[in-house]
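Below, chain A partners chain B and then partners chain C, in two separate complexes.
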Partner chain A sequence: MRRKVGFGAVAYWGLNAAILFFLLSPIAIVSVFAVNPTPYIAFPPVGFTFAWFAKFFANPDFVHALWLSLKVAVAVLVLSMLIGATAAMALARGELPGRRALTAFFMSPLMLPAILTGLALFQIYLLAGIGRPVWGLVMGHTVIAVPYVIRTTLAVLANFDRRLEEAAALLGAGPVRVFFEVTLPLIRPGVIAGGIFAFIVSFDQFPVSLFLVVPKGETLPVVLFNYMKFDLDGAIAAASMVSIALALGVVILLEWIIGLRAYLKF
Partner chain B sequence: MRWLIWPALLLFALFFVLPFAVLGVMSLLSGNPVNAPAVNLTLRHFQRFFSDDLYLEALWATLRIGLLTTLSALLLGYPLAHLLARARSRVGHALLLMAVIAPMLTGIVVRTFAWMTLLQDRGVINTTLIALGVTREPLKLMYNEFGTIVALTHIYVPFMVLTLAGVIGRVDERLEEAARSLGATRWQAFREVTLPLSLPGILAGSLLVFALSISAYVTPFLMGGTDVLTLPMLIYQQVSSSFNPNFAGALGVILLAVSLVLVIAYNKVLAGLSGGEGLS
Partner chain C sequence: MRTSQPTRRQVLRAGAASAAMLAAPAVLHAQTSTLKITTWGGKWGEIMKGKVLPAFEKEFKCAVEADQAFPYLPKLQASPRTDPIYDVLHSNSNELWQAVELGMVERKITTKEVPNIADVYPYAVSDKIVGVSIFTSAIGLGLRTDKGLAPPTSWNDLAAQALAGQRGGYLVPVNALGQAHLMMLGKIHGTGFEDLDAAYKALAALKPIKLFDFTGQMEKALLSGEVIMGVIHDSGIFRYDGQNQPIEFAAPKEGVLALEQVLNVTPGSKVKELAFAYIDYMLRPSVQKELAEGVWYSPSNKTVKLDAKYDAKLFNTEAKVAQLLQVPWQWYNARKDEIDARVQRILKG
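Up next, the complex of A and B:
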């Protein structure tokens, strides 16, 4: 029987191509405006310039915000990897009562509106008279980021062969040595994958930051948002490209580290 | 091993549970206890909300935008999730997955900016339509609910695709083949077999996207202009310009109540699906 390419198959592939176009073209278009020299957003592009990138890096508000975002994201990356990985270990191994409910509880920041997490933290800082310090922002981001690390680490622990640890213990390794030489290397990919999510979640975080930043101490997404309320030019496009490049850079960097390790193992 | 749970528990107690409890208490207080010494318990913030048409309209607009976003995300997400779940080559699957995840790695502010450049009066779509002679005046594609829903759909489709792809992938392809060998067309086999079996995924994905889109702030603000007022926008307004943390708290509690219902439903659906694993 000859397979014919029917209307259905054409519709199926055409539809999916259109959906992929819808998904990806808006991001591609940003890169066009980042190098288009017109003073406002105009289509089609008329030339090529790096002036918008220059404007971005010459603007102290943007550069400060970029630095702050990076510093906060790195702090969140470290904190959430530590807290998330330990929690995942306890959840998978600790024989805790109500393990399932506890896991769901730790996942809840992902489902509850982040804007409410921001509002709630804003109110408690207000009542406690803390003000809006950077560490308060870091803690807010960490609460949102920890669930990702817990989830990815639990996924690795679910496929973990515990006999490896038992073998190490039988061969005379103490619990600390077993942890650092067997357990940790094996769960590392999960922790690092969670860390990648944590970094990006913090770097792109908006609703929590909105409530917790102070004027002149805003993160990049908040600065971009405030700029976009009044101005829509190539500087925003350039800033977008810079932040996409940074996020991508971190993903590739961490992916490369794990990827290389996986390659060395087999 | 057990004690390793403590850092996370401490973090969540101090920076999640306690703040939300404070949020709830604030919504019931007559003033800010820091600078108003005589505060008492009151329901007046909730009464204010439910007796003013402006606020009820904002709640309705929030739900309406959430519903329409969910519907369009489902319509766009299903075919892509199906393709992703049924992709035979590993490279094709990886590339598709990357295409779905790439937009998620781009911040909400950046993605909203992209839609502003596409939909504004001098934007890509209007310029192209005018150049082609399809229309003389630019179409009003943003600063309204339409633009808001388009951008929100773009932002939340990946969540829908990832949820659906997992469920569709678990539907045994041989069932569809059996239906086809019994004489069903490809479309009939899909409609009668795969589609009903993926219903839990449709429900879970829809609840997720709905919960996410009713709490959106940036996109309704920038894409909606003065035409759109949603609950999250009201909340920030109360904090930033009206300086009324108590009414903001009440608005927060109302949004929280809606979200909790959705989260619990989502968990029930997923638990039914995987035999009781819930959010994990």
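Up next, the complex of A and C:
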């Protein structure tokens, strides 16, 4: 029997297709620009070249910035998972006075324009006489990234069945063992999901980095922005493609190492 | 047991050695002074980092920290006045005027601090400049040569009906070329650079117009044919010389606008002498020639001898320099918010 396709189904798929098109079309345009030989955006493309990728990798400023961005993002991922997960545990379990206010406080970096956070940190660093070290940049990114980990971990903790911990304790496990063998594996999907957000937020971070980078120590988004002011050619598109591929690679790597699939099942 | 008494010579030698040891940090400091500057990216940045700055570091036995990451002014403003983040600010004239109003740069630089100022064209140190202009570009009109257009002779040619939707300008609130062009419209259609009513009316007549943030975007729009005539500085066109691109620069008869590259020293700099030495170095004929021919900027130093193809196009003689118009940035900056709001309303949609 032939199944009748209703208006609702057509509208549903149509809307999904439109959203997907809206989300992916910038990437498609950038990828075309990255392999098109013309030094400007032209459609349809007039040929195919890897010259822009060669230009990107031959430019030491780009390569250095790419590595710096990657290193900073990895450091931010680790730090924000540690800080965010412990903060979320304290907020969910600690029965702290002013818990709501504390949660709002931890989330506040997301509500402030990031450029103000960058400017404020820049002033603090200069007033404290510490200049603009790389660890200062990492701290700046971490401030922005931690709320993501807190939010995703709190979401997991809200549905956490505490009887599992009680059962483990009744069977003789100490608090440390309960945490590492029961609590942590169960909250892990939330922590990892937050960590991935943290990595991406750091890797693409522009407003905070703008104030905290130093000459010869600029992150990729800052280098790209400055490059764009003077040379708007396909190297920018190639850099974007490398950046997207790298971010995707890290997500896949995390999935492979820690198991993001657990989150998808969750 | 016999003990030997130190001789007078030994005592003096030991004293000298001790003094040298005590002075060593100061000497070391002098040798490793760091000069913090701002500079552009792109081809300019390549030449600076590749040749100009290393040669300066070698000659003056110092390190140069060159910041290419915008925005310079907010960073300078946020740093302590007594220990500013930059010793030398390189920017366009509009930004230097903002900086001087905030007390973040010196008002004037003279030959006393920078001897090479004696050789610059008067525009480089005119009352429209805060500091010294080391180079300038000329803002005029860029056009496609393959679209059957007659080269424009006047700024008014940009308003031609045939160019509707294919002419290009800038987002006035964020771009100095857009701001200078607006003032030019006031001069052509009204009583002068400060005639805003005439400027607004002339700007509205340019609609529909494609607007860009940066000159780099305008260059690409001209190269792609998205724009067939637009406001641009000469170096943005000349840099494609020899690449067989169908674009050309035209200097309107009413004059071209100066887009000066200005250097100035911050009052709180801890290495002021080095900062002035850097400006002097940037005005040296050899450095001026290197950069002028690398990025097609017109040198401020009158004694610079350019190669024939650059000499033919750049503004490097008294007669050519006389065509450069300098706009009143101090006046403009004082009204910027009001102008931005009005321009946004005019160009909305």
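What we mean here is this: the second predicted complex is superposed on the first by the 228 of 266 C-alpha atoms of A that agree within 3 Å, B and C clash if a C-alpha of one lies under 4 Å from a C-alpha of the other, contacts with A are read in each partner's own complex, and residues count from 1 in each chain.
By our rule, a residue touches a chain if its C-beta (ideal position, glycine included) is under 8 Å from a C-beta of that chain, and two chains touch if they have at least 3 such contacts.
Remember, it's a predicted structure, so these values are computed and weren't measured experimentally.
With the two structures aligned on chain A, chain B clashes with chain C. By the touch criterion stated above, A:L210 is placed in contact with chain B and with chain C alike.
More residues of chain A lie in contact with B than with the other chain of the pair chain B and chain C. Of the two partner chains, chain B is the only one touched by A:M107; chain C is not.
Once the two complexes are overlaid on the shared chain, A:M228 sits against chain B and chain C alike.
Once chain A of one complex is fitted onto chain A of the other, the partner contacts of A:E218 are limited to chain C, with no touch recorded for chain B. Look at A:L119: by the touch rule set out above, it reaches both chain B and chain C. Once chain A of one complex is fitted onto chain A of the other, the partner contacts of A:V178 are absent, as it touches neither chain B nor chain C.
After overlaying the two complexes on the shared chain, residue contacts for A:L91 are found with chain B alone; chain C is out of touch. When both complexes are overlaid on chain A, the residue A:T38 reaches chain C alone and has no touch with chain B. When both structures are laid over each other on chain A, chain C collides with chain B only at 223-231; the other stretches in 79-87, 97-105, 223-231 or 259-267 stay clear. Comparing the two interfaces of chain A, the one with chain B and the one with chain C have residues 40-42, 119, 122-123, 126-127, 210-211, 225, 228-229, 232 in common. Looking at the complex, you find that chain B touches chain A at residues 1-5, 7-9, 11-12, 14-16, 18-20, 22-23, 26, 32-34, 76, 79-80, 83, 99-100, 102-103, 105-118, 120, 122-124, 127-128, 154, 157-158, 185-187, 208, 211, 214-215, 217-218, 222, 232, 235-236, 239, 245, 248-249, 252, 255-256, 259-260, 262-263, 266-267, 276-280.
By the touch criterion given at the top, residues 6, 8, 12, 15-16, 19-20, 22-24, 26-27, 29-30, 33, 40-44, 82-84, 86-87, 89-91, 93-96, 100, 102-117, 119-124, 126-127, 129, 139-140, 142-143, 146, 150-151, 154, 200, 203-204, 206-207, 210-211, 221, 224-225, 228-229, 232, 236-237, 240, 243-244, 247-248, 251 of chain A touch chain B in their complex. Residues 38-42, 119, 122-123, 126-127, 210-211, 213-216, 218, 222, 225-233 of chain A are the ones touching chain C in the complex. Remark: chain C residues 40-45, 65-71, 74-75, 78-80, 83, 85, 214, 216-217, 219-221, 223-224 touch chain A in the complex.
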